[in-house]
Each structure stands twice: as structure tokens, then as C-alpha cells.
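Note that the chains take the letters A, B, C, D and E in the order they are written out, and that residue 1 is the start of every chain.
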Amino acid sequence: MTVSYTLEVANVRFGGFTKLLLRWRGSIYRLLYKDLLVFCGVYLFFSLFYRFLLTPKQQDLFERVALYCDQFTNTNFIPVLFVLGFYVTLAFNRWWGQYTSFPLPDNLMMVVSGNVHGADETGRLLRRTLMRYANLSSVLILRSISTRFSLNFFFQHFNCVQLFFILLCENLKMFESLHSDFNKYWMPLTWFSNLASRAREEGRVRDDIALRLLMDELNNYRAKCSLLFHYDWITIPLVYTQVVTIAVYSFFAFCVIGRQFLNPEKGYKDHKLDLYVPVFTLLQFFFYTGWLKVTQHTHASLVETDFILIM
Amino acid sequence: MTVSYTLEVANVRFGGFTKLLLRWRGSIYRLLYKDLLVFCGVYLFFSLFYRFLLTPKQQDLFERVALYCDQFTNTNFIPVLFVLGFYVTLAFNRWWGQYTSFPLPDNLMMVVSGNVHGADETGRLLRRTLMRYANLSSVLILRSISTRFSLNFFFQHFNCVQLFFILLCENLKMFESLHSDFNKYWMPLTWFSNLASRAREEGRVRDDIALRLLMDELNNYRAKCSLLFHYDWITIPLVYTQVVTIAVYSFFAFCVIGRQFLNPEKGYKDHKLDLYVPVFTLLQFFFYTGWLKVTQHTHASLVETDFILIM
Amino acid sequence: MTVSYTLEVANVRFGGFTKLLLRWRGSIYRLLYKDLLVFCGVYLFFSLFYRFLLTPKQQDLFERVALYCDQFTNTNFIPVLFVLGFYVTLAFNRWWGQYTSFPLPDNLMMVVSGNVHGADETGRLLRRTLMRYANLSSVLILRSISTRFSLNFFFQHFNCVQLFFILLCENLKMFESLHSDFNKYWMPLTWFSNLASRAREEGRVRDDIALRLLMDELNNYRAKCSLLFHYDWITIPLVYTQVVTIAVYSFFAFCVIGRQFLNPEKGYKDHKLDLYVPVFTLLQFFFYTGWLKVTQHTHASLVETDFILIM
Amino acid sequence: MTVSYTLEVANVRFGGFTKLLLRWRGSIYRLLYKDLLVFCGVYLFFSLFYRFLLTPKQQDLFERVALYCDQFTNTNFIPVLFVLGFYVTLAFNRWWGQYTSFPLPDNLMMVVSGNVHGADETGRLLRRTLMRYANLSSVLILRSISTRFSLNFFFQHFNCVQLFFILLCENLKMFESLHSDFNKYWMPLTWFSNLASRAREEGRVRDDIALRLLMDELNNYRAKCSLLFHYDWITIPLVYTQVVTIAVYSFFAFCVIGRQFLNPEKGYKDHKLDLYVPVFTLLQFFFYTGWLKVTQHTHASLVETDFILIM
Amino acid sequence: MTVSYTLEVANVRFGGFTKLLLRWRGSIYRLLYKDLLVFCGVYLFFSLFYRFLLTPKQQDLFERVALYCDQFTNTNFIPVLFVLGFYVTLAFNRWWGQYTSFPLPDNLMMVVSGNVHGADETGRLLRRTLMRYANLSSVLILRSISTRFSLNFFFQHFNCVQLFFILLCENLKMFESLHSDFNKYWMPLTWFSNLASRAREEGRVRDDIALRLLMDELNNYRAKCSLLFHYDWITIPLVYTQVVTIAVYSFFAFCVIGRQFLNPEKGYKDHKLDLYVPVFTLLQFFFYTGWLKVTQHTHASLVETDFILIM
């Protein structure tokens, strides 16, 4: 979730990032701690295995395997940084793209309130119905793209959505009667268009230029809904996701063996110290897995954002 | 093909990517397994050749050649990562560009339904014919850019396309009478334009602003068709494709020799263990060839997408 | 803060960047000197600790720890450059994006002055009130995004803002009566829209095309306000900030030990000279921490810019 | 030249890229073979020189020079990859930018055919003359940006261009009478604008909205001509081209000496094998020079494209 | 300055870049030769100092310092490539951005000539005055962003600018009477807007759609002026410039010592040859400093371009 922390950054004096680094909500620690525990457990297992269970001869073999693994994890054999960088950039751009294509009803609302005239009850109802159609459309889109929305939120807030339907019960039947494999988010927008045309005929929209303005804004709104729908429909190709996930996890699978502290007395190169805890490997795990988790994070962030907007 | 897996990602809890990694359809394994088998076969051949067929003296020579090859595959001599990164970014951007330039008839449809009036049969036919022209245009474009479309799909669904032509048989003659080396996708759009003008004269399009709106949307639609056509016509220059393919394949051609496990008893540096299976080289093959295959994949993905939309 | 130095660069002859490098205001030295002092202090502490307080045996252990740390800070174990590069690019793009989405009232002003007619006092007041609404809207946005603005500036200049409110006291009540968790920057723009409609009815805006022009410009202005608001609301995900901060600071935490000058007499590799001052590590600190500080800097720069525009 | 190979890629089954790799037309081999021959010649010369002409003492000196050169070509001393990557990206973006800014007359044509009425001869001539002005403008642009166009094509097809002028002979005098240091591509567009205004006065363009539509499309067309002209006028700064060319060529100048196979019997590090043919250096030459040649290639590709469009 | 060399590139046959590489005007040699001379001088000084002035013991110390420096300049300690790459990309994008936001009067001119009617003297004067206002505005912008313009050009061509003022002397007073800390480039555009409104009232602009077209083009023109002004006002933050300059110059400061040829007889690693001239270091200096100089170059290029356009 996108937790706002701008204010805290801006107030920060020397050393003041500390507080930010220790936050739990929306932080990297929350995303990572389970994976980190598993990694530590497996590393510990191999460490004990090597130190206490193996015969000297088996230790010797283990050491050669470890050196072999270490040799490849230190170099660029597994191009983790490369594929990770590509993937993270991709995911971030999609996230920002999705965000900026969010169909905000503000502009449409302003145009409706300025061009659909009539201070009487009918006029008010007309304006409100138009905006309801627009909101219904974005609710339908959000319900489709956001899993939290569709799972938890759906059941809790169904009444509120139903409320919409009740007001528009003649539309509801129409809506349900059309069966489509795809999201029907565009239907309320068609209703909007028809209602606006009727309002023009009744003279509540005074001239063609105003109607055109309404239609232009509707088209913009619709284009954003459509883009959001397609962002959801067309994901990053599975191939990319598989390559990057396998790269990161296979890298750390080999690290579990290759980064063991070997017996310093045997005098292997770069193995002169037995620290028991592989500090740098844990840091690497932290950075690489952290960046990988970013995709799930950015996906989740949209869900949260939606939530706020619906309220 | 772009297989939707968003839902699965979003529901994922700890360790839950596993299922995603094991999918076959649309996965990297399906793209790669044939190449991987060939690579393993050749590697195995050289391995047996070195171990059993060579005399000690020949083995010595082989070892020196292997060390020489290894030396260059470990460093940046063949800039595989560099050219691959450039190429993959290019291919991905084109794929997304093509996708977003897909001529969706939604906006056009909405404008037609809102501005071409008449509840009678003629009015309905008029609106339907306009949209048919638009759809025909995108069918013509898709048939040209998508090979699966043009090979398999063409024969199966020709009748459906012919159906269009039957309805518009006077146009069909016109269409066939014009010989052009290029795609004639723009012809139906010209018919659309003429028909809309006639509708304006008959008063079915009520004013000039509405006609202009129709024309603007038609232009947008046409611009997207045109962009898609050009994406197909102007490919990534052949030079780039050749450089990247040769880089990757020559890299692995040298790996087949350079990554052989040499006799540990001879004490060559970094050759103290004989694992028989070159785990890291296979991983490298997996990553590099996998990213290269992405271009074919992204091309194929458009084809599938088209298919769905036509249905 | 963005200090203009174009003129100085342009006049520069050979060697003339020197003056620019020595500037304090808006410079990197001002951003960094505190962190640099702390780093030097800790480095000095460990240096003295190693040289004078440890027994020879403890020194030996310290040396091995230092060599171990050094080994990892020299390689790519902590991918500082990678995450830093990604983060800096992100922050810079946001900064420039924010800057270009700044709601400049120029275009709106020109349209108002050209299309709202009337040389009498009422006409002048009408035009001035319209522009005041627009300015009030951007003041509200700026007060929300800029901390310096909201803390210092707010109290000093409240009267000036109040002045606006006094002129529009009937609006003020309306403004305060609406409670919202979000920024109410859009309210003055709604007033603008209503006032423009009234002006059209009174004939001060002569035709619908002129009104449409006004509305189009208002929409552009509003879109920029909205974008700026969202740039502020949706920050770079906290995860990215945490990863990059931890990467940089943990890197230098290990440098403090790993880059100590070890006793040259013990003949450790690459430790043949005791310079006391780790020149290159300080340079590294300067570059890496400097680029990290850039985010704070770019944030601050917007604040300053705002300040100038308000005046 | 941009040779279409999409169809071949799409039909490709396992191993099927082979055919594509062996193509000559539009391929990298055609671009490179002359440079490669020169490089091989020089390498061969030094190889023979070292092996047969030098005294043992001179050989010793040569070996030390070779080792010195080798040391620097193996590391990042000459940042070939870096400058090459930057330059190639730049050149590719310009190429695609130029391509998409190509002034296609389609949209303009459609607007002219839909809005300039009159089925009589004058009407037809009017529409044809308008489009001729537009085409003339792009011919003038293309003649200026494309050298093949201006050298070969110009003389062969001058009559065809003259044909235009004959039809518009009163304009021709005007065109020639105006002397300008810059391309006069904008003149036919001015004639277009004037002719469209006259058509409006004569009632052949029925209303102001249609005229505005014509003018908008003309502006788009003109903007693309202008962009293309500026892409040609403002090249990638010479500094970049010089740096990248010198980087690549100096790199290979040093390789010619540094990558010689030294006498294996002297036991130099990494010189245990005498292959006579420096396989990897040739591959490097192939990749680096290949990417550099891409700029010339992409430039040429535009020329070819133009050619097709003119026909 | 942006020297056009497209023609020469296009005509180039094998080996033909040579001529381009040897050009002086607008070349990298002209930008660099002074810095290169200084670098060589300092290097020579240290070389002589080491060879002739030091006692053997001092030489020993110098050698150790040199080896220490060399060790860090060979690795990535000073991330020159990284910061340089970021900075160069930034500068290039700004340069191209500035170039494309150049306020070309073409479109405005075409709209004025097509919509402001009247073949009499007053009509001609009206059109000319409108364009003069527009040109004056861009002259004011250019005088502010281009130093050469403001220093040399200003005095030589003041009369030409004054000529404008003389024609518009009543405006001149108004212009001078308004005191502003900022560029007053927007004032002539306001006059343009007012004059266009008056022309509409006098019937010289025939309808509101034409007036709106004029205003739209004026707004585009103004937006470009504004963008150019802001490109000039908001420079690349000083912090970036300082970091990159210090990185490059400190790198070469250490190279001056670290790249000295040490006595080959002492058997230091990689110091087996005394070439006196550090060929590779000079090449590095050439590349790195060359890319850094690009910012100054791209800045200057805009100035030249302006010059041509004003003429």
C-alpha cells in the first residue's frame, strides 16, 4: 500500500530518516520477513550439517561443492541484477501508468454541473444520475482489477453498490440481461450518453457545443476506464515473471551452500574468518528479494488506493 | 500468448509463486525446451568425446582449448548482456506500443450510436453498416499483421469475412477492382466517411458539430490502424536481430567446450570438482536464451490477442 | 533549492567551473557536511581503537574482520550503484514532472482578459475575482504539498491569504462549512465555473465558443492542480526508499571497518601504505551519499520555487 | 534499408532463425565485411612481423608492448560499451522518431475528399490541386533529407516533379522568385491554405467548421514536415559521433597488437595456446563495429522508405 | 554549435568517417585541447619529478603512493561512468527538449495570414503588427536564455530591435513602465491578444471560430515560449553538476600520480614497460572529459541556433 510519508521526509533533519527506516506498515520488512526466516533456517541447517554431521572426507567434498557454488554466485553467471533491473523498471512504470489512468470523476462532474441546467428536482436528479452512471462504471472496473476489492470488499459493500442498482432498477435488468465474457463497465457509460442526448432534446443542455463538451469529457473518462481495464487484462508476459523469479531464487539456493563459512584452518582463499552469520549474504538477500517483492507491493498499492476513493 | 495470471499473483501468499512457476501454457519452459535439449546433447557429446575417445595428448590439447574458451566466456568479451538488454527493451516497447495502438471500435461505436439518429430500420442499418466498415478495416489490418491469422484463421473464418462482403457487395467489387501493393485497410474507412456525409445530407446526422465529432473519431480510429500497420511494416532493423542472435548463439557455442569439467587431478585453476552436469551454464542458457525468445513470444502474443477480439 | 547558475556556466572559459564548484548556497557541501563529519568521527574512533587500544592478538582478529568487510565492499555484493541509479532517476523524473505540472495562471489569465468583456468597474472586478479563485486554488495546493510553506510561510502570510477570504467572505463560509479529509483545492475552481456561467448569462462572455474556451482552460488548470496534488499524495513507494537508504548506509557502516589502514608491516595484500586518511573512501562517501541526498534536495527545490511564485 | 522479415520470423519453428542469419540484403555482413577485411589484414601483418621478422630481443619488446595493450583492452579503460550504448540508443530513437513524423497524406486526403464538395470537373481539379500542393511539400522535404533521393533520384524523376510544376506554372514562378537559404517546403502549404480559403468563399467548403477541420489537418501535416526537416537539420552533435567513433576504432587499433598470440613457450599468463586466428577478438570486432554501423544503416533506411512512398 | 554533417555522413563510403573525425569546427578537439594540455603538463611535471628529483628512498614512497592511487582508479571506486552517464543523458534530453520547444512563428503566421482579412494597407499593417508582437516575444525570450545573444548580439543588433519598438512606440512606454523581476516576454503576446479582439470587432476576423483558432495558436506559441523560459530558469540542480564535475576531475587528479610509469626494474606488477607517454590514460581523459564538456557544448548550440533564426 502506498503509505504517505512525504511530510515526515520533509521535516527530516540530520539523521532523521531513522524513524522512517523503522516503520513497519507498508515497509519492506513486512514484505520480507517470512522469506528471510526460511532462508536463515535453510542456511542454518546446512551450517550445522557441515560442522557436526559430516565425516572429514565428506566435509572435504562439501567444501569443494561450496567453493564451486561460491565461484559462480560471485560473478555475473546468474544475471540477477540485469533481469531484476529490467523487471523492476517495468513494474514501476506500469504502476505509475495505472495510477495516472485512474478515471477520476472530477472533470466530468464539473462539466455536468456547469452544462446540465435546471435548479428544480428533475434537474438535480438528472445531474446526479449522470454522475452515478459514471461512478458505477469505475466501480465495475475496480471490482474487476482489484482482488481485495472483489473478495473482501465485495461482500461488505455490496449493499452500497446495490443501492445504485435500486435507483436504476430498469437499467439493472438491462445490465443483467446482457451476457458478456468481458467486463461490462462500458454499459453505464452508454446510458450516460443516451441520457445526455435526451437532456439536450429537453433543452436542459442548452446548445450543441455544451453537448459536445459533455461527450468529449465522457470519452476521456471512458478512455481511462478502458486503459485501466487493459492494464489489468494484459499483464507483464508470464515469461518475464518466470525468468526473474527463477533467477533470484536459484541465486539464493546456491548461496545457501556457497556462502557457508568453511573451516579457516584449511586455508581456503577468502575463508580466513568464521563469523557464523553470513552478514553480506543476508544483505544481498534483503536487497534482491526486496526488489522482487516490489511487484506484489505495487499491485497491492492500487487496491488500497481504490479503497480510499470508493469511500 | 499473453496468459492472464493477475488473479493468481494477487491471491498469492508466502511461497505461492510456485504454482505460477510450474505453469506450462504461455511459459518459458515451452519456449525453451527444444533448444535446451540440443544444447545438452552437444555438451554431452563433447563430454564423452573428451573423457573416453581422446588420447592423453589430445586431452591435453582439448584442455588448453577449453581453458582458452572459458577465459573469454567468463569476461565481457562477448557483450551478451549488453546487446540482449538493448534488444529486449526494444521488443517490449514495441509490443506495448502495438498493443496500445490497437484500433478498438468502442469510442467510434459510442459516437455513432449517439449521433446517427433514426429508430427505423434504415437508421439501424445505417449505424450497423458504419460499424461494419470500421470492423472490416481492422480485420484487414489484423489479417496482414498476424501470421496465425493469415494462415490458419484465414481459411476457417473466411466465410465470416465473406459475409461482410456479401452485405456490401457493391463495395466488394470496388474493393477488388483496386489493385495495390499495400494493404487496402483504408478503403472501408473512406466508405465510412462518404456514408457519414450522406447521412448528414439526409438529416440523420443533425448538425455539423456532430459530423465533425464522427470524423474526429474516425480519424483517431484510422490513425491507430495506420500505426499498427506501420509497426508491422517497419520491423526492428534486421541488423539488430542478427547481432543479438549471433551474440547469444556464439556465446553458447564456446560454452559447450569451455565449460567442460576438466580432469580435477590435473590441478587446473577452478577445476577441482567434476560434477558432470554444468549447472550454472545451464542456468545461463536458460536466462539468456529465454530473454532472446521473448521477441518471438511477444510477437505471438499479439496474434492470440487478435483472435480473441475477432471472436 | 534550485539556484540558477546558467549565466555563470555560459560565461565560463577554461577552468572556470572552479567558482561554481566552490559555491555554498544550494550546493552539495551544504547537504553533506554533517553526515561527512559523523562518518569521519566513527572512522577515526575505529582507527584509534585499532592502533592504540587493542592487544596484538585482538589486532589480528580486527585485521581479519577488516579484510572480510573490505572484500565485500569492493565487489558488487551490496548493489549500491544499481539501487541508487534507479532511485535517483525516479526522483529526478518526479521532480521535473512536478515542475512541469505546476499550475501557472498565465494562460487562464490571458483567456479571461480576452473573453470576459466590460471596461466598467463590475467587469474589472469580475475578471479579478475569477483570477483570484484560480490563484486561491493553487495556494491551497501549494500549502498542502510544501512543508516550508505550511509551517513558516503559513503564519507569516496568513493575512495575505485571509485578504482573499475577506473579499470573498460569502465563499469563505461555504468553504469552511464543507468538511473533507482531502484537500479542498477544487472548490474555488467550482466557484470559477459558476461565475463564468453567470457572466455568460449576463452577456459579459459574448458567445458559447468563448465560454467553452474559458472552460477548456479551466480544465487544463484544474488538471495540473490535480496532477500536482497526486504527485504529493502518491509518493515513491516507501519500500524503494527503505531499500536504497539501507543499501547506502550499510555499505558505509562496513566501510568504516573494512577500509581501515592495516599495519603495512604485516604484509596484507593491498595494505602496503598507511595514509591515515582514507581518501578514496571519503570520495565514495561523497558521491554515494550525495546522490542519495538528491531526493531531499529536489523536494526542497519545489518549496523554494513555490515561494517565489506566490510573491 | 529496412527489409521486412516479420513473416519469416513468425513462421519460424525450432532452429529456423538460421535462414534469417544468412541473409545478405540488409544484413550486418554487408555493412561490415570491408572493415573486417582491413582489420584481418592489419592483424595478419603484425602477426607475421612478430613471428618471422623480429630478432629474439625485438620479440621480447614486442611481447611486453602486447601485454601492456592487452591489459587495457581487457578492462574498462576505453569505455566502448558505455559510449556505444548511449549512441546506439540515441540513433535508434531518432530513427523511429523520424519514421513516425513522416508526413503521410492519408488524413489530409480524407478530409479534403469529405469536405471540399462539387462533383464537376472544377471540384475534382480543386481537390486534386490541394493534394498536389501537399505532396509537393513532402517531396521538397524528402529531396532535402535524403541523399540518395537528391543525387540519383532527383535526375531520374525530375520530370515527374516538373509535371507538378507545369500544372501549377503560375506558382512555379512564385516559388522560384523567392530566394531563401532554407528549404521552401512551407510554400506549397501556404498555397493550400489560400486555395482552401477561396474554396470556402466560393461555397465549395460549406461551413466554417469544415474549413477549420481542413486547417487543423493542414497544421498537423505541416507540423510533421517541420519536425522531419528539423530532425534532418539538427543532427546528433558532432561531438558525440566523434567520441564514439574514436573510442571504437582506437580500441581495435590496440587490439591489433594486444591480442596477438605470443609464444606459448615463454609462459606468459593466458598465453598458453597459439590458435593463429583470434576468434574472440573477431567476434568483438563484429559486435562493436556492427553496432556502430547501425547509425549509417538507420540513416539509409529512411532513404529507402522514402523511395517507396514516392512511387 | 550544431554543425550539420548529415550530408557528409550519407555520402560516406568505406573509411570515409576520417574526414569527419578531423574536423575542427564544432569538434571535440576544440572543446578539449586546453584541458588536455594542462593534464599533460601536470603529468609531465610529476614524471620528471619522480625520475630525476627524488632520492631512491623518496622514489620508493612515491611508488607506493602511485600503486595505491592506481589501485582505486582501476576499479569502480570513483563511479565516474555512472554519474557521467546519468548527467550526459540528462543534458542531452534537455537540449533536445529545448530545441523542440523552440517557438517557431510558422504556424501562427499561417493562421494570421489565413484569417485576418483585408487587402488594403491597414489589413497588411494589422497582420504585420501581429507577427511583430509574436517575434518580439521570442526575441525577448532568446535574449534572456542565450548569453552570446545578450552580450555580443545585443549591442550590435539593438537598432534592429529598437526598430520594432519605434513602430510600436506607444507600446514601448507601456513595456518600460512595467517593472518586473522576471522576463516580460508575455507582454507582446497580451498585445497580440488585444489586437486580435479589436480585429474581430472591426470585422477583419470574420467569425468566432477564426478568432478561436488565432487564440489557440497564440496559446501554443505562448506555451512554447513559457517552456523555453522555464528550461532556462530551472537548470539541472547544481548538486548534480557539482557531483559529476568533482567525480571526473578528482579521478584524473589521482590518475596523474597513479598512472606514472614506475621503474620496470623494481618488478612491480603491471609495470614492466616504460612508455613515457600514458596512452590509455590520455584516451580515458579524452573520453571522460569529452563527455563532460558536452553540457557546455549543448548549451552553446542553442545560442548559435537562435542566432540563425533571428537573422
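Points worth noting:
Just so it is clear, a contact is a pair of C-beta atoms (placed from the backbone, for glycine too) under 8 Å apart; a residue touches a chain by one contact, two chains touch by 3 or more.
Chain labels with UniProt names: A, B, C, D, E = Bestrophin homolog.
As the structure is a computational prediction, the values presented were derived from the model and not from experiment.
The minimum number of touch steps linking subunit B (Bestrophin homolog) to subunit C (Bestrophin homolog) comes to 2. Chains that touch both subunit B (Bestrophin homolog) and subunit D (Bestrophin homolog) are absent from this assembly.
Look at where the CA atoms of subunit A (Bestrophin homolog) average out and do the same for subunit E (Bestrophin homolog): the two points lie 40 Å apart. The distance from the centre of subunit D (Bestrophin homolog) to the centre of subunit E (Bestrophin homolog), with each centre set as the mean of the Cα atoms, comes to 25 Å. Shown for subunit E (Bestrophin homolog) are the residues that touch two or more other chains, namely 209. Because contacts link each chain to exactly two others and close back on themselves, their graph is best described as a ring.
The assembly's chains link up in one ring whose order, counted from subunit B (Bestrophin homolog) toward subunit D (Bestrophin homolog), is B, D, E, C, A. In the complex of the two chains, the subunit D (Bestrophin homolog) residues touching subunit E (Bestrophin homolog) come out as 34-35, 38, 64-65, 67-68, 71-72, 75-79, 82-83, 86, 90, 145, 147-148, 186, 189-190, 193-194, 197, 208-209, 212, 215, 219, 222-223, 226, 230, 232-235, 237-243, 245-247, 250, 254, 295-296, 299-300, 303.
The touching residues of subunit E (Bestrophin homolog), when paired with subunit D (Bestrophin homolog) in their complex, are 2-7, 9-12, 14-15, 17, 20-21, 23, 26-28, 31, 74, 81, 85, 88-89, 92, 99-100, 104, 106-107, 110-111, 113-114, 207, 209-210, 213, 270, 272-273, 275, 280, 283-284, 286-288, 290-291, 293-294, 297-298, 301, 305.
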